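In what follows, structures are represented as structure tokens.
Two complexes come next, and they have one chain in common, chain A, joined by chain B in the first and chain C in the second.
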Partner chain A sequence: MTASDQPGQAVRREPSHGLRMLLIWVPLSLAADLVIWFVWYPHLPPGRMTDVAAGQQFDLAVLAICGAPVILFIWIFGVYATIVWRRRPGDNDDGPPIRDNKRVSAAWIAVTTALVLGLFGFGTYQLIVPNGAGGGQGASPAWAPKKVDLQVQVIAQQWVFTYRYPQFGGFETPQLVLPEGSVIEFHVTSLDVIHSFWAYQLGVKADANPGVDNVAFAKPVQTGSVVVRCSELCGLWHGAMFDYGRVVSPAAFLKWAKTTEVQLASVTKILPPFALTYDPTAIKTLGPVLVKLGLTGAGGGFYGPQVPVQP
Partner chain B sequence: MSLPARVATLIVAFLAVAAVVAFVVVKYFLTSSGPPVEDFTAHVTPDTGAAVNVVMQEAPQTTVTTDPDWVTYFIQNPQTHAWVHTTNFSVPAGSKINITIYGYDGCTPLRNQLWGQVTGTIGNSMTVNGKPTSLLNSWSECSVAHTFAIPSIGLNIPVASPTTFQANSNLCSTSPCTMSDPHTVVRFSFLSPRTVGAYFWQCKIPCGLGYLDGNGGPMQTIGYMTGNMQVAG
Partner chain C sequence: MAIDVQPTSGQLPGAPPPPSGPKRHRPWWQRPGILTGFAGAVGGYFFGHWLGNAIGAGWQQVATADQNNLAIVLGYTFLTIGWLAGLGVFNDLFRLMLGRAIPHEEQEEEARTGLARYFQYTLGHKVVGIQYLVGIIIYFCAGGLMAMAIRSELLSPVNHIFSSAAYVEIVGEHGTLMMMLMTSMITGPFGNYLVPIMIGAKRVAYPRIEALAFWLTPAAFLILLSALLLGGFPFGWTGYAPLSIQATEGANAYAFAFGLMGISVVLSGFNLIATIICNRAPGMRWSRIPIFVWAVFTTSFLFVLAAPVLIAGMYMMLTDRTVQTAFFVDQLGGSAYLYQNVFWFFGHPEVYILALPGFGVVSELMPVFCRKPLFAYRISAAGMLGVGLLSFFVWQHHLFVSGINPDMRPVFMLTTELISVPTGFIFLVALGTLWRAKIRFEVPMLFVFAFFFNFLIGGVSGVFQSDVPADVLVHGSFFVMAHFHYTIMGGLVFAFMGACYYWLPKLMGIRLNRTLGIIQFWVMFIAFNSTFLPLFAAGALGQPRRVFEYAQNLQTLNDWVSISSFVLGGSILIFVINFVWSTVIVREREIGNPWESRGLEWQVSSPPPFENFRHIPVVLADPYDYGVKDAPPVADLNPPPGMIAASYDPAAAAKLEV
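On to the complex of A and B.
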């Protein structure tokens, strides 16, 4: 029995806890969202080097802005309940029975449903509109830009990435150089095991599977350095499979590409013709050489399915 | 059980678990140092450009181990000139590293023809049996056995193989191979980095016989077709 229930004492009017919490929650949420938008957002990964990277940064900011009020609501409720509804000295009674509150339940369901469906719609839109948002879309991209300026093939092999430029004679180089302001179409593939091409600042991440052409798009809008890492555990030196690419001005790119094309002309001649995927076990020119030498298996060819011992 | 007895039991149990963990860490992690490191830093002052000579061989098998069908590299000890089954070696920083590789294994096509190009050496070339070479086409001729590559410094060497049918049919069968076995001699030089640390090297031809697409076994094991070049200050 509480003091207010004693005969002759005035019944204490319960304050509006909901209003109190609302008055705490609204300004705090507003402050948090303003901090996120103006302070945190510009520094969120992966930066704004490409259109898709900027899109990912915006997505993270939107998610943070939606999530902050939810987290604050939970924290405020917890702290408020701990302070206001704590047990006081002499209060040995049970609390009042908790009954269903249809208005609160309906509001909770409506708000969470709207939030989840809204984020679903937002996420879907943000995936489609920026042409796959930098993710690999397989050989037939569902969302592609109207115009592609430069194709770059990313070839993964234990434990290095190389890059082919089909519009410049198909030369292949371990250097990734891209022009600012151009729409890039990446064709990602592998010559051995599964790798993953993750160009952090570009906002591009696409699996590199042997025999598969995985297409991703990005448009660099800033010059600078790009860290490329393999993000699929690919063997002993997976951790060392990284390099640094560059986004340069269109003029600098053109100069680099033409110079490199000439420098690598002799090795480009012995490369296979540019293709979306490569099967190194089928080298047309090699067969006659091996037959002439009478070599098989370990003496010359690749170890294919015919080799009986497989781990 | 009294409180002191319970506390004592708890402490003993904790110490027993800690001892087991310490044993596992020391036994299996701290003391398993892997293949030995051949030291080429003696009597050389780093960052002076002084020359260091490293001699290796790649052999078609490893009859000195329990994996005799794995291809492997050996490194010659600089003092005794004995072949040591390891792929780890240390060199002084900022020095000219002269490497000689005796290629005893037969030819195998490169998975990526780009690695037929010599890069990262002084002059971007090597010699094969004394003949200057900067590019080997392993798809049109029997010419490459393995590669020696240190990706972090841009070094790539296609290690030449014996080219004739007779040589490829009579490869060395006991490792380490001897000078009487068919082989090629590949020589090249490069400048070691001025930054001390471990620089991994690898063969880029998937040469793990019996493993899926040749990617396992010796390709993934230090001491066979990959290792570390330790650059010392």
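On to the complex of A and C.
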């Protein structure tokens, strides 16, 4: 199949391996990219419930489209080499002593660098334009939307998330309810160890650090259910630290918020006032809260004294 | 001095044998060894524990004596000192301090034979290499068993084999064991054993430090496992601070063992750097050293530059836990971010510490089995150095959603994506070497192919995580876990297996069974991909790492993964069986050069003789002249007298040429 450099034989012309590989690679890459774009992309996680989730989905698709030809190139090369350049039985010769090829090396470096810089530019644009792409940006976000419609504070503790709505009197509830079509500003903080607030369908992930206000933005554009999970190991029941939120119509949200505010008014009164971070070791009202409810985040203790402490 | 110009051991033919005075030859059980080491460790632990209780028992946070963190940490400290003292590490040191003669030369140490020397503090890089090899296999299997336990638990999202406490214990032990001890997976056995031979040296620069580095690893291993007796630690291998400060006593074992292993790799790195710089044979120029040595060289720099940061982090954690400093306690002026920064400043070079030796192994093996010179040697070395350098500038990509420095994210995205350029050099070198090669598909070459297959998937999935918007989705999920298992297990472990099949004939003078090797390869390759490829999907579909309960709809994926992982574990068992079978039971001798390699290490007998070379060789070419007609031998193993001295003395060299 390939040229044989055995002495005595007429030296056959070396076939154009590069051209052959190119002819295999181009159609396969094209096909793979078309499949990714038209078949896979609409179904890629995390869906399109918010603007940032849709951005992440688009990013995944673009990266897959860039990655597939790279993977195919190496695979095709490997399979081609295995078939064409494997040693034939009885052939104990060495291969040609090619030590370097400056043009190939330079081309390789140029192409990989260009690809990487292109992806960097794309990723930066996709990070900055959707206001941090749903990631936690710390207390002073570098990229924020011009107007925020709703602030939601996410308080993480072992092993539950609770949510405070400062625009509605600062009530605190274990339910995450969000209005469709509003720009949401999440303020994520923790009372004990590092957690991570991962609202999967919203495309939001922000670490909950004790004493830190970590801000992330998202704008839901569809109604539906949201899975919230902790994605940073936070102790024994990390795996059980999840709940479900929902995105509802603005009218339904307002109704829910107003009702809940009234329902929880007596609890809200004894909670520490709304703040961006809480220090559970320095809350004066902790005792009354625990006695009355045993169930708040801002108050510093979801679990009662009967629950064993974290080892 | 760089090398022995006039060594006593016969550099000059006809020289008299080295003078030897009266020596005491004690039987193995009278020499300090692993048994006295254990005795010292047990005694040391009890002493340290008593001391800690004596000085720390009155502290208000301590309920009972066995919850006293200070007592446990001091116990571990004196355990380590007792272990080393029992092994005899300090004997020569004290003899020198007391002005006495050291009773045995290190050359003599190396000349000792018999099995007992492997259980003692023995100088000589070939002994240490074998000690590392056996140790690494034991540590790796222990960590692997824990992985099997994790996968057993994840068979069902609702029915549990372990309690949630036991589960996080096992997850933490598996991760820490692998990440701290597998740093030496290739540099330990193959670096220590082969680098001196590959560069034409008779010994390493600091044999005592090298042996010490090894003997710290069993201590670190056992201390880490002792966490299980103390209730484990619930924070995985990363040990994020508020959780690790509030955790119970098992966390002391984590911090102490990890720090101890940090000390071990720093020592090991210093020795390898000094050896590679100073002990090269004449003619072994930087442009001729084997590419594996370049990889070990770069890795050693990462050892000595990254691991001290880890040691500092672990030390701060221990003082936070014992003497109530507050480096990481937010309410008292510390910061949990500090720990994350310190940990990942070590932690990211760490993953390249794991990857680079794998690059070195596959780049070293490719020319031998392709029968072609290594393509673009300089680019290959530059790629390794570039990866090593850039690895210090990417650590905050582990903190993309943590809230640290949001405006720095594009920078870390850039550095992280740039690191794929030098990593790509390794692929360029591989493809260039494959071009028109005559590939011999022996077992090591199969592992090399698998390395590139796996590492490609690992690398491309890494680009997804370097891209911040995509990372927001996959951060902290099983996607990340699949990614780094593709790079580390698919890269490092496959390279390690290839290196075992390739170099064990050199290291132990025996051949591993080829049929078992091929079976192991295919089982391992298929099971590995079947285990970790679905985990990308599991992560992207919303399964966070280290959970023992997960969404019901992911059970099919997880079951598939678990069953594949059991097969993967079986493939490692095949390797262990092959290793024991071939080294202990059958022992098929392999003395020559089975792979027809041009490497300098293959020009001496297998296993290499005492002091590796009868004479210091003069290196004439790099080891990659495959296919070159009338290529010179790679080295002159019997250089004419005066040649060595001349290479160090320009005046003498001029005279010689005349």
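Annotations
Operating definition for what follows: the second predicted complex is superposed on the first by the 263 of 311 C-alpha atoms of A that agree within 3 Å, B and C clash if a C-alpha of one lies under 4 Å from a C-alpha of the other, contacts with A are read in each partner's own complex, and residues count from 1 in each chain.
Throughout what follows, a residue touches a chain if its C-beta (ideal position, glycine included) is under 8 Å from a C-beta of that chain, and two chains touch if they have at least 3 such contacts.
Here the structure is a predicted model, which is why all the values come from computation and not from measurement.
Shared-chain residue A:V267: touches chain B; no touch with chain C.
Look at A:P96: by the touch rule set out above, it reaches chain C but stays clear of chain B.
Shared-chain residue A:W237: touches chain B and chain C both.
Contact comparison for chain A: of chain B and chain C, C touches the greater number of residues. Contact with both chain B and chain C is seen for A:D192 once the two complexes are overlaid on the shared chain. In the superposed model, A:P174 makes contact with chain B only, not with chain C. Common to the chain B and chain C interfaces on chain A are residues 192-193, 210, 235-237, 240, 310-311. Chain contact summary for the complex, chain A toward chain B: residues 155, 157-160, 162, 172, 174, 191-193, 210, 235-237, 240, 266-267, 270-272, 280, 283, 285-286, 289-290, 292-295, 297-304, 307-311. Considering their complex, residues 164-165, 167-168, 171, 231-232, 234-236, 238, 240-243, 246-248, 250, 330-331, 336-337, 370-379, 399-407, 409-410, 413-414, 417-418, 420-421, 424-425, 427-428, 431-432, 434-441, 449, 452-453, 456-457, 460, 463-464, 466-473, 475-477, 540-542, 544-551, 624-628 of chain C touch chain A. Interface of chain A with chain C (complex): residues 2, 14, 17, 44-46, 52, 55-56, 59-60, 63, 66-67, 70-71, 74-75, 77-78, 81-82, 85-87, 91, 93-101, 104-105, 108-109, 112-113, 116, 119-120, 122-124, 126-128, 130, 132-143, 188, 192-194, 196, 198, 200, 203-207, 209-212, 214-215, 227, 229-240, 279, 281-282, 310-311. Against chain A, in their complex, chain B makes its touches with residues 60, 106-109, 111-114, 116-117, 135, 137, 139-142, 151-152, 154, 165, 168-169, 171, 200, 202, 204, 206, 208-216, 219-222, 226.
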